[in-house]
Each structure stands twice: as structure tokens, then as C-alpha cells.
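A, B, C and D label the chains in the order they appear, each numbered from 1.
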């Protein structure tokens, strides 16, 4: 409904500009609006909708120097990976969209790579990162994140070494992204001389982690790495607090950046390290605060520092590419592959599928706010050992 | 010469004996009655012969082959068909389909559906259900279902037919008709029958020989005339009945 | 019956020929929808062949779909597809034999829940296996074109209808129906219930195995949570029962209905699409309980309504 | 690198506490499911959605108006019961309309409830968005001996235990509780001895749905909720009632304890990655070895 209003507003606004004669630019995407992934996809979807509002307010999208109205075509993939490629195929062949935005999550990005290659349709991916995709060298998808598992593993090990971590417990969810992170992490930790004291995997429908966490508590490692997704990240944090796991370095892979965690855990989130490379208060990134404020204004709560920010970055990349290259696919592809983009996360430039400018970073919650604590060059705060859990 | 022979057959459920040391033989073409009060073990005996249950002890021969312990379908294919005391038609299927299935799977294992249907129609005519052939079985009256139960058993092409109280619950005139039907089947299809019945008069009319069970054991065997005067039978069984 | 059978056969051949020509007429998207339609037909007809006829409601057919997909993915670029996809079907059938042996001893709700449980069990076993292998999602680049997949799926859909029709009119179908009505009585007329159920269960797994293989080539991405999703099982049952689950026409109509309805709804009302689907499902069960094909669930011919429909079998609990 | 599982973990009271809390949720959910199955042979695959609804009521009460989940629980039970009654009166009763319908009531109920679950999930998603939600209530950590436990968990355990005991007493002593048991044992006979089966059915729906909603309020105090959270609970509840025996109400409690033990101790002794394999493995084994359930009172299947 909100979306329909946005279209209407977009069209109305377009009508007021001189470019009214130009046909609308069709922008499509499919994302999980129902089904088990819908909750996790919300913060990305919010960023997309915010963009639709802004385009409407600005009177359209700048296409090679001409402002044109936009029309969004949005589908629900029903949290079904098998639907995603069909829907993107429909958007490309049936709806004949001019531009595509990415779906939510690593598996969905995986799922559409085949279709994008088949139709040579460029998409700037966001909430996904995978060495597997990088290895097949696709030419039509890029990742705004710098958290590709092998890079992240290497940085995490350096980070832990610097913080004097000697022993590590790893607890991993059996889904592609977290497993890929672990796959690169284990050998890196071994060669860096970090000792793994607990190493458990768990299946996606876990309801209780007491067994693993009791082992971790007994082993008292310097670092606990919870390679988890939001639902199980919640279980981890709750039970780690309950068992009073005192490790000074505690990483929770995916979830804490979603504002839900702040609402649920408040001060208990302090000290938790998580993946992410964006915060609104980094002075080097002038656009960051504006995005934060706009999101805050529309939704009444802060964006997800991970998914919302990545989604917004992908929009910025696409928008800037279209501004110079127009709607021609080959030109867009060329622009994305070669240009440097100015985003809320600083400059972004791709080599292959990867964002090669933004360093791999880690965030830590301090006094209720995420801060960049690694690497030192971009840090907005210094790492602090995990404070005591509240009683 | 015997078609069916039981030797010391017994069945117990968790220590309680439902049937003990039962032995008897049935010759080809005979009609033998099985009599006894409720719980005397009659239906158990049928279940053991038909393979619905396995005997705890003893041996059963049919046509010279050991059949105890064989599963029900295998026994049926050898040529033993049974009816159930509480009828079990394939309720959702038509009357004729009930028979067609038996003809396809029973001893005859009819090759084609056409042949099975022809056989089914023939039997339906014999049991007086020809007009009801295409009705769903569940729409038949009780008497109709009893007939269907017999007809389906016959359609399997048995040499030995075990009839379990097919007359129970019928009115007097229905009983007479059913008896005629059974006799006709016996004659025309050269069947051997073992019959369980509560209706005393019917049993004595129908059978050449009667076996009386009491508390799971055989207490008498002989012609109807002999059995009804047997003192043990009178004590154990007839004594409990209001004649 | 035979003349009618011939006519039906002719119509079917003509329809198949027409369908086979669809790729010439349809755009990519519509062809994708047609592929989906063929998929549901193939799955639901296969399901009906076992569950519709025997009354053993399998809520685990996703496992056969998933296993077929997994075999095809494992053998991707190892063996040619014309070999690996049928091998997926055979593996699914073999799995059905293996599972059926213990499972088919329980009936009614136990069977329903057991099949659901087993399919979840195998799903998680595959997840663990993939994790242990260090495979984090598998991408297949360079799969056959949509047209090829459509023609293959059409062949499976036709095959599944033919199998159901043949089984229905053969001894096996008679045995299954007897088992559905009364298993003890069925054994008493010579039906080896175990053998009949097992062979039918295995047959009903074969085509879904191949469907899974084709669909994974279509989606180009294999992830066990998805490939073995219980939603597939639920949808198969829904489609088959919407149509009327023991005739060839039933699952066909059910699939048509579901696919067309979802096409109609999901673009126009994406957020209420699922709600409408749910409401329709409930309405169908309540008001069209015998499915779209009506009371065509009879074995040889449509029954003439009997003069009385007194029923002694069941007790009505309603006052 | 793989360390051997520490057997001393079995003796950890922390694990016992975790298992008990999990079992308490499971038991509440499973009893309701088993009641509805036992009395009417209905496969309620929408049961988990009631848990979800209960969770939302507690969440909204707390987030919007600061109402304690303990008070919301009362409303949740009432709302669940009301929904149960409505569902029974408008839909379920029709499943028993004719003998033909009755013969396929299990398959039909599966489809109807599947439809209902899809509707409930998506209505909630449309009305309240698909966002995950969670709140913190009584999240202080208590130390009891060597066990550390959040207050809300302890509270949930206590409430669930009280509710289970109350149910047991109700089935044992209350008139309608006894009638419910009678119907579960022998539907036809129950009707013959003068039990108004339809009325009891309504009560069964009210009680079963109310219990699930209550479980939902307790779950929401300890975990996050979303409109699509229900299905795993449904599956677990089915596993439990099969373990404990369909129609056997006390068996449900035993089954819940078993499932929770398998989850918690299985993870401790073998590996958490085998959690689901273990759960379903135990379930399949139990079903094949003792199809009548652990406590043995069997209900003839069909």
C-alpha cells in the first residue's frame, strides 16, 4: 500500500517536471515479504522503499543527465530460493525492467546469478558475500560489502591477535554464509597460533544452546565467535548472558546491527563485536548521517547498520552508474566495473565482484551504539573488552 | 482324503489361551459347522486358518501344504476365502468392484479386468445382487452386505470357504434365502465350507458334521444329530442357551 | 470403457502435441509458468498414484523431489544429464523402497506424521552432509535452456498421468483401492498388502525424483533447506486434493487451478495472495470435498446414486 | 581439533534446567494439539500459529501499553479459546457433516488447518509487518546453586508447570475433563452414555487453543517472535504427541520431556549439528517400535 502511494507520488511528481514526456524507468526487485526470511529482509526492503520516496520527492531518476520518472515493480519471493530466479527472469523478460535491485540474503543472490548471467543483466548485490560466487567469476553481479568470508576471516584473526586472544570457541550455524566464514577462519586461526577450544556446528532450527555454551563457559576462551543468523544470534546472546560467559572478545556474526537487538538487549549488547563496515558518525563519510536521519524519519528507528546500509550503498552505486551510463546494460556494466562511487560508506570501487576500497571492518557496541573498532585506520572507537553482563 | 487339517492348533494372547489343542479335518466338498458360545474360539480358529493371525502352536495343512504362519494373502491365493463376522466390504467401491478385486487377486488371479468382471457378474447373479452391481457397497442393506461378503469371498475362487456368522442379524425369511444361496453356491461351485453360526437350526440343516468348541477346546464332533444329544455339549453350550 | 479410453487417449495425445509446441508460442515468463504447471502435474499425479489410491497420505514427497535434485547436483558435470536426472528418479524410488518397508506398517495419522518426520530427517541429514563436505550452496552455471527443461517436464507430466491411468486400470490399482477401503479384508482376498503398497510407493517416488532434478537445473542453485522444503509436500497434497485425488483428471485440474490462480493473484495482490489461497483451500475442503472432478473417485464407472444411502459403517457424532 | 564430548556435562544442573524449560514449553503446546487430535482425529497443523498469536498478544501488550505478559497471558488464553470456538463453529463442525466427510476427516483436517495456518500467518504479516519482535521482561539472571537462569525463564517454567498440573487435575476430576477423556477413549460410547459430544468438542478447541496461546506468551518472554515462527513448534508438537501416544495427555508431558532431553543432551553428548537428525531419528524409531506411543494406550488408526 505504502508502495503504491510511492508510485503515485512518483508519477505525480514526475508530471510536474519538464521531463514528463519521458517514459518512466522501470525498476524491479523481488524480496522476501512473506515466509521465514521476511523478518530478516525488512531492513533492506525499508532502504529500497526509502529510495522510492526520495526519487518521488526529487522528481525522478537522473538517467544520463535526463530526469525521468520511475516505476517500481516489486515481487515477493515468499522466502523461496527457487522462486527468486523465476521472478528475476520475469522482471527481465516479461516486465522488461530497466534496472534491478538485489534480493535479500546470500542464498537469494546465489539463486539469481544464473539468470543474471543468462540475460547479461547487471545487478549490484548487497546483503550477500560469497567466495563461491567470486570464484565462478560472474560478470553481472557485484557486492558492496567488504565482508567476503576469506577477507573477513583474515581480518578477524588479525583483530583477535591484536587484542591478545589466544584461545577461541567457535559456534557455527549450518547455512552457507556462516559455514563459508568458518571454512576460512579455521586454517587462518591455526596458522596464527590461535587455539580452538570449542568447535560446534548447529542446525538452523536450534532452540537451545546450553550444551555448547556450557562447554564454552568451562573452557573460558579469550574469544567466542558465534557465527550465527539473527534468530540464533538472539539465543546466543540470551544464553551467554544467562551463563555469564566472560570472554573479553565476543563476536556475533549477523543480527546485532538490526535495531531489534538494541531494543531487546539494551546495555547487554555492549561489548559485542559484529560484522559491518558502516556507522553514521564516521566523519569521513559525509553522506552517512543524511541517510541515517532520513531512515530514522521514515521508520522511527535506526537503520540496520549492515543490511540497510549495504542496500543503500547498492542503490547509490546503481544510481551513479545510471547517471553517467544511461540504461544501456553494457554501459552500466562497464561503469560499475570501472568507476569509483561515492557512498554513505565512503568511496567504493569494484574489482571483479568485490568492493576493493572499503576495508573489512568490525563493529562493536559501546554505550548502546555500534562503533567501528577495526581496522584502526577507520575506527570510530577503540575496542573494549566485553563488559560484565547486567545482572 | 482331506482338504484341510488342523493338528493341535492353539493360540494364546499374552498367556491367556483363546484356543487349545484343536484338531480336526475337513474333506473336499464337506460342509462342517463350528459351534460354541461367545469366546469359545470359533473366530480365532478361522483367523488362524485364514492366516489373519499366526497360531501359537500346532500345524495346519491345506491340500497337503503347511499353511500355518503363512500370511493371509498367501493363504487366500492357495484357495481359502473367509468372510468376516462384522462385514468388511470395500465400502467406498461399487458392489461389483468388490468382487472384481477378489477375482483379480484371489486364487484365480484373473488375467484381465474383463474376465474378472464376467466372473463377478456371474457370482452376483447367483447371490441375487445383480441389480445392485454398480451401487457403492456402503449403500447396501445389512442383508445385502452379508451377501456381498459371501460373494466377494467366492469371487476369490476358493476351494475352501470359511463363513463366519453370515446369517446373524437377518430376519427369518432372509435366513431362509441366505441358506438357499449358500447351498446353491456349494453345489454349483464345488466348494468346501466351514461355517460358524449361532442360529442352531440353520447349522443343523446345513452341515453334515459339527464341531463344538468350549473355552477354546473341542468338546464334541459328529453329525448334527449326535452333537445335539452329546452330554458335554448340553452341559457346556446348550445349557447356557435358552432354547 | 475401452472406447472412452481410446477417446481419452486421443485427446491426451493431441493435448500433449499442443503443449509440446508451447515454447514456440510463449514468451520466457509464460513458458516458466507452463513449466511450473507441468511440474505440479507430474508431482501431484505421482502422489495420487500412491496416496490417492491407497489412502496412505504421504506428507513427505518433498524428500523424493529433494533427493532427485541432490543426485542431479552431485553428478553435475560428472555425468550427462540424460543419465543423472533419471538416476535421481531411481534413487528416489530406491529410497522409497527403503523407507516404505518400515513406514507402511503404520496407518492413518501415524503415516502422515511419519512421512513428514522422515522427510525432515533426511533434509537435516543432507544439510549436515553438505556442511561436512564444506559445500556451502551449489551453483550450476550453464544448465539447459528453458525450452529443453519444459519439454522434459512435459514428458514427465504426461508420463505421470499415463502411469496413474495404467495403474488405476491394472491389478495394482485394484489392490490399492482395496487397501484404502479395508486392509484386512484386502489381505483376505489375496492381496499382498505390503508388496502392493511398497511397489506403488516406489513408483510414486520415481517421477518426483526426476522432477526435482529438472527443477534444480531450472533454479540453478541447490540448498538443502529449500530443495527438501516441507512446503513442497504440503502443496502437492493440496493440489491433488483440490482436484480430487484418485483420478487422472483430479491432480491435472488441481494443478491448473493452483497455477492459474497464483498467476492471477500474486502480481495483482502480492500481500494477500497467500491469504486468498489459504481461504480457498479451506473453502474447497468444506464445500467441494470430492475435489474439482466431483464424485469421480469411483473405480470403474460412475455409480448410479443408490435408492438409499443409509450408512451403518460410521457413527455421526453431530447431534 | 574435534574435542571429545565431555561426559560430565550430563550431570550439569544447567543442562537439566535448560531441558526443563524447553520441556515446559513443549508440553503446553503438545497437550493442546493432542487434545484436539485425540477427541476429533484432527491433524491441526495450524497449532504453532496459535503459539505465534499468543506471543504477539504479549508483545503488543508490553510494547504498546506496558502490560505485564503475565496479565496478557490471561487475554491470550481467552483470545486463543475464542478463536478455537469460532474455528470449530464455522469450519470444523462441517468436517463431520456427512459420513463420507467423516471417513476422510484426517486428510481434510490436514488441508483445512494448513489453509488456516497460511491465513493466520499472512494476516499477521500484513497487519503487523513481518518484522521480528522481542522484548525484555524480568530478564535478571538468578543464581540457584550452580544454575544461572533468567527470571523470565524460571517464571515461564513455573507457569507452564502449573498449567500442566492444572490440566492433569482437570482431566482427572472435572466433569468436562472426564468427558474429554471419555471421548478420546471411545467417541461412540461417550455419545451413548449421554455426553454431549459437540459441546465437549467446543471445549476441547477452546482449551487446546488457549493452552497454545498461553505457551506463546511464555515463548515471547524468552525469544523473538515473527508471524512465521509457528511451523517448527507444530512439528515439534507432533513429534511429542507421537512419542507420548496420540490421545494420551500425560504421555504428551513425558514426550515433551523426552524431546527436550534429546535436544539438550543430544547436543551435549554428540553434537549440536545433529540436533534435528537426533530429534527426528528418535521420533521415527519410537513410531516404528511403539506406534501406540510410549505409554501404550493405543488408538486404532482409522
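Keep this in mind: a contact is a pair of C-beta atoms (placed from the backbone, for glycine too) under 8 Å apart; a residue touches a chain by one contact, two chains touch by 3 or more.
Please read all numbers here as calculations on a predicted model, not as lab measurements.
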Winner on C-beta contact pairs when A-C is weighed against C-D: C-D
Distance-maximising chain from subunit B - centres being C-alpha averages: A
Computed distance of Cα centres, subunit C from subunit A, in Å: 38
CA centroid of subunit C to CA centroid of subunit D, Å: 30
Centroid spacing, where centroids are CA-atom means, of subunit A and subunit D in whole angstrom: 36
Inter-centroid spacing, subunit D versus subunit B (mean Cα positions, whole Å): 48
Overlap residues in subunit C, where contacts from two or more other chains coincide: 124, 127-128, 131, 271, 274, 311, 313
Interface hub residues of subunit B, defined as touching at least two other chains: 92, 138
Residues of subunit D whose C-beta touches two or more other chains: 99, 103, 121-122, 125, 273-274, 276-277
Residue numbers on subunit D that touch subunit C, as the complex places them: 37, 41, 43, 91, 93-104, 106-108, 110-112, 114-119, 121-123, 125-126, 187-188, 191, 196-198, 201, 231, 235, 238-239, 242, 246, 273-274, 276-277, 280-281, 283-284, 287-288, 291, 301-302
Touch list for subunit C against partner subunit B, complex: 169, 171, 174-175, 177-178, 180-182, 184-193, 297-301, 303-304, 306-313
Footprint of subunit D on subunit A - complex, ascending: 32-36, 38-42, 79, 171, 174, 186, 196-203, 205-212, 214-215, 218, 230-231, 234-235, 238, 241-244, 258, 260, 263-266, 389, 391
Subunit C partner contacts - residues on subunit B that touch it in the complex: 50-52, 71-74, 76-77, 81-82, 84, 88-94, 96-97, 100-102, 104-107, 109, 113, 117, 132, 134-136, 138-139, 141-142, 145, 152-153, 155-156
Touch list for subunit C against partner subunit D, complex: 57, 59, 102-103, 105-114, 116-118, 120-121, 123-125, 127-128, 131, 230, 234, 237-238, 241, 271-272, 274-275, 277-282, 284-286, 289, 311, 313-319
